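In what comes next, chain A is part of two complexes: it sits with chain B in the first one and with chain C in the second one.
Moving on, here comes the complex of A and B:
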């Protein structure tokens, strides 16, 4: 059995609260006990508590598989990109370096690239993936397009991403604001510029700034 | 008696906290469990449904319980990893007697000997110094059956007025204010009422970290158009995407509520008909907020005037709403006043007692609600009855088969118990489910008081930081080793089901209490053979009271996924929502929806006063405290679960870059935080998500990492809740890590050596 065609994995970073429930629960999944295939990105803790769970996006044409010299990474018919096949994987980490989303991890103990298989043991039995089941904010959601549209009328799902000249279509759907246009950002626009940061320019806190108390030291 | 039996390092080597990780069968794939037990999480007040996987006599993992309506399978990381507390290497499996000659400071002792020694010590102490020389501290993570038994044991068996519980540190301010305003202390609405409202107001509640599942309710409300207003000194993970963030200066919540009520009245955003029909006292409160102009409110609260106006406009003009608060407004020396201020803006809006018109405090502990209803509170009898009310005493005395005259009067709050130890009035103590050395403020004093006791017996499943001071430790039960009921955040009574048996000599807590009663030769009323019998007596005891459980049965709970109290008869389905039109209650008897004889809610004047210890030139910075998502309360359980410790290994000092720059403190610097009580040294985490006049430290750790060494023991005069959320400190960059730091780390006492993961 495979992941049913009507069911999709939706990722909604707006909702993420950084609790790591997904990370902790992933390591309880019955195909890879003790190993979590999710990691949590803290975008910039200095600026904000924003976090993003990073799960495999399950690309239609997976870069990890394309760069694998041993042809160890397979995508099954239901669109799920699998962990590298143990007899073939040579632990070269090409996939780790190449994935534009930063997903695969090399388990050096096993000399094996391991990654999310969309909870094959659960989804093949009609259950939801472990992470999407437990996620307290439902930043990770597993269900049909009709369900998510009904639950989240202010958002729409995207599954096309642009990395330089590479266009990637994914099985996993990213929730974005319904009205906002899709932007392809020039890397230079997000360049770190120490001159550009202004600590006063903090719209939430500066709205309420007040005289600091007299400090004794 | 004085001091710990051996050094902290030796205690830690023998009793932990050691870190448990999945090993053996817990790591094997494809293992078929012997059974899946439907029960609830052992941690916070949300009490998420969970299924425990059991093999042999061990919990080996979990499976989400998607049918349980509150959380539908959702769990926070604590719930996911809770199974690692079972079969833990630190687990107490025998009774222990203090013995400094033993390497760990305690000698393993046959259970019956320890029970007899406990009973002998209690009897001797009470015969020499009177019954009231012995006190009890109990907890709100116990099942309701156990909390009922603790109250009964103190009053009937020990005949002492001195019992109180750690709910005193939790939501007692909310409880007291709810009784003053509504005559009843329970979340007024089920959480399903959050979804579909126009405005969700969250004051002083770090929902994402302390009640994580509630996040989905709030986000879902937002998807359907609700505006989310968050009031907090920090941009918490939920505040990050709220519609309006009000960065209140700690200790100034009443001022904000008064300022909002002022604008509601000025703009006529109030429900005149509701106020007239269903409330009393509005005029006086309206007059009291006249001076709370937006300008004055902004000045006192440190919130921009335009934000206050915006909040009042959204709140005032909404037709549906849900207001929630938690410890952020309750942990104050004016905690009851804060909550009354919140209730005033709810009552003025008229939006309560209807679908999508809600109000609730977010209870903190597993049984925060049930634990405050049935008699382990110092002034209370079962069914939320009053220990000083002659009718209530007579009713309970009849159930307990004792004379009302034999019931002691009201005792004192948990902190006052320690002051009475200091004064020599209390000389013996039994504690269960309470770790005061970590959780009470100014806790160096607490440790000294435990050492001052003539006799201290602790019941626990791990040797917690307080039990290390005990003469005798009795091995109690984990949540999964017993059955019973708890009442969760919404007022829903649910079933805890037993998954495994207690190991070795460990016993279910209610059996230990009954064994002590038997050894004291006072077994009358303590011969229950199972929790169901205790529950049936509790049902009768609560009958006719406000928290009426008489119609609740274990079977009905399972059939309905819980029963909301009050439930006065077996054919009654329970009360999903309080104060609904036409709803009856035993106090109003048809006069109205609120729990007073006239059926009307009370407006209460909530006057602003500053915190007990405000900042000054010597201590110029506000310290506030709270939780992180991966730890729970004093950490007795969660500091022993490896993956949770890895997630946030040790407390960090959160500090705004402006303040950090002034003090020349950089991210990752060791920083000494000093108050009038003492000092601790922690790593700084420089973040823009906190007010520049305030620093934050989470409180789950012991010893040199315990922020409660420096918090103030100021208390609310009505509820006696301590003021954890505000005291005055100064900060200095520390030249070096604190003494003993690395030895501690090596012994596993403080951290796993991984360091923080932040910034």
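Moving on, here comes the complex of A and C:
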């Protein structure tokens, strides 16, 4: 079994409303019972209601797997990077510290790294991952390109990320404005914001306001 | 390099067999198949182990692990810690029990069964240990190790019973452990989603086959007047040799990889005592500086280029995982913020398929 080629995971962090449904749903997934693999980050609790969900992006050349000294992380043929194999992981945290998206979690009690494996038990059968079935704002969406295009005419998806001089392609796609003249998401942009000091220009804050639900029509 | 190490280890093994069996004086020719399988496994395991050690992240941990362990100022403390950790992690499997009772029980039973069986069979097969009658009364045996008499026991004594049935006890442990593991693999949804036949079932099947055919040999000569003994002996040999040959390639290789965990613990100890890395974004401590510097080096060796040629931050590794999560989202949000606000707001309905 493998994840059908027509189905993709689309991530749109700034649609997140912080309801924590994904966190709950993730912890109910059978492959890591009781442990949520989703990081739901509060961006700046004092200034903004913005929250963002972070899941594994399933990189084409996963840094987590390459820096693993124990060969504990494997990528399936259909591009899903699996959580650490229990007999192998030696809990060194290399993967936790090396993942450019900050995804793997170290479970110190089990001495085991755990991370999202895109609900492989479900997605390999064509079902949606747990988080995407419950996300009311569709910040986490699993479906075809046609579906997402119909739902978000203003958006398109990108799966190329730039970290310094390193380009990373991922299986998971991130939604960006259709008019945005970018070919990749460059993290350096976050640090070289010329107006970074001005609170109104705080990208998280302005986006949070920008994204408040619009209920006209 | 790896082949040379493999050959050298195998040669050492041959020498150890020659010396330990007093130039094959106590070597049982019937067991030669097992010996060759063991030699092949020795070559395969040391070959693969060497290749594994050469991977940049493994090589770094290997080198650093020994460095921090042997540091003169902490060697004493490390030795004490080592003994404690050996007991808790390896002999008691503490972390596996914390993952679940059935996991712990299965692993612990299989592991001790295999340790017991190996401790008995390998020295016997190599001729390192054999038993001789102590005197002409033929009432007691003396265990002879490497040619030196070690201890004696009565043939019908309790120690004698325990010793001669050592492999029976070992197979009971292994079979019980395999049963628990098999059950978990069949009913546990987590296992069912991620397991692979070769990685997860094959080792259990092999261990089970070795144990059951071994037990049947005992049943045959004890209670069935040696019925089908030859057939059983060959079947048993095939399962054991198959397992030995497969060892370097499959899941059982974790027996040799897993001890690296101890080195990692000392690395972490040293990291905690040393200087900490502070995130360039939030200024929080998030790992030991040694670990971050080592990881930057490992990533460079692997060909990753997470460095920033200009700006105040030299490497993405200097950002803590939480700030990385926020950064990626921040850039996406910036893109939205800088995009023109459309005339028609986007309305989306939840998808209908499940």
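Keep this in mind: the second predicted complex is superposed on the first by the 182 of 217 C-alpha atoms of A that agree within 3 Å, B and C clash if a C-alpha of one lies under 4 Å from a C-alpha of the other, contacts with A are read in each partner's own complex, and residues count from 1 in each chain.
Simple rule for what comes next: a contact is a pair of C-beta atoms (placed from the backbone, for glycine too) under 8 Å apart; a residue touches a chain by one contact, two chains touch by 3 or more.
Please read these numbers as outputs of a predicted model, since none were measured by experiment.
Of the two partner chains, chain B and chain C are each touched by A:133. In the overlay built on the shared chain, the residue A:13 is in contact with chain C alone; chain B does not reach it. When the shared chain is aligned, chain B and chain C each come close enough to touch A:33.
Partner contacting the larger number of chain A residues, of chain B and chain C: C.
Of the two partner chains placed by superposition, only chain B is touched by A:45; chain C is not. In the superposed pair of complexes, A:21 makes contact with chain B only, with no contact to chain C. In the superposition on chain A, A:2 makes contact with neither chain B nor chain C.
When both complexes are overlaid on chain A, the residue A:153 reaches chain B and chain C alike. Shared interface residues of chain A, touching chain B in one complex and chain C in the other, are 14, 30-33, 50, 128, 133, 136, 138, 151-155, 204, 207, 210, 214, 216-217.
Touching chain A in their complex are the following residues of chain B: 22, 26-30, 61-62, 64, 66, 73-77, 79-81, 208-209, 212-213, 215-216, 219-220, 223-224, 235-238, 240-241, 245-247, 249, 302-304, 306-307, 615, 617-618, 620-621, 629-630, 643-644, 647, 656-659, 662-663, 667, 685-689, 691-693, 730, 732, 757-759. Those residues of chain C whose C-beta lies close enough to touch chain A in the complex are 52, 55, 57-58, 60-61, 95, 98-99, 189-190, 192-194, 199, 251, 254, 257-258, 260-261, 264, 267, 281, 286-287, 291-292, 295, 298-299, 302, 304-309, 311-313, 315-317, 320-342, 345-351, 353-354. The touching residues of chain A, counted against chain C in their complex, run 12-14, 30-33, 39, 41, 43, 50, 52, 54, 63, 66-71, 82-83, 85-88, 90-94, 96-103, 109-112, 117, 120-121, 127-128, 133, 136, 138, 141, 143, 147, 151-155, 161, 163-166, 174-177, 179-180, 182, 185-193, 203-204, 206-207, 210-211, 214, 216-217. The touching residues of chain A, counted against chain B in their complex, run 14-21, 23-25, 27-28, 30-34, 42, 45-51, 128, 130, 133-138, 151-155, 199, 202, 204-205, 207-210, 212-217.
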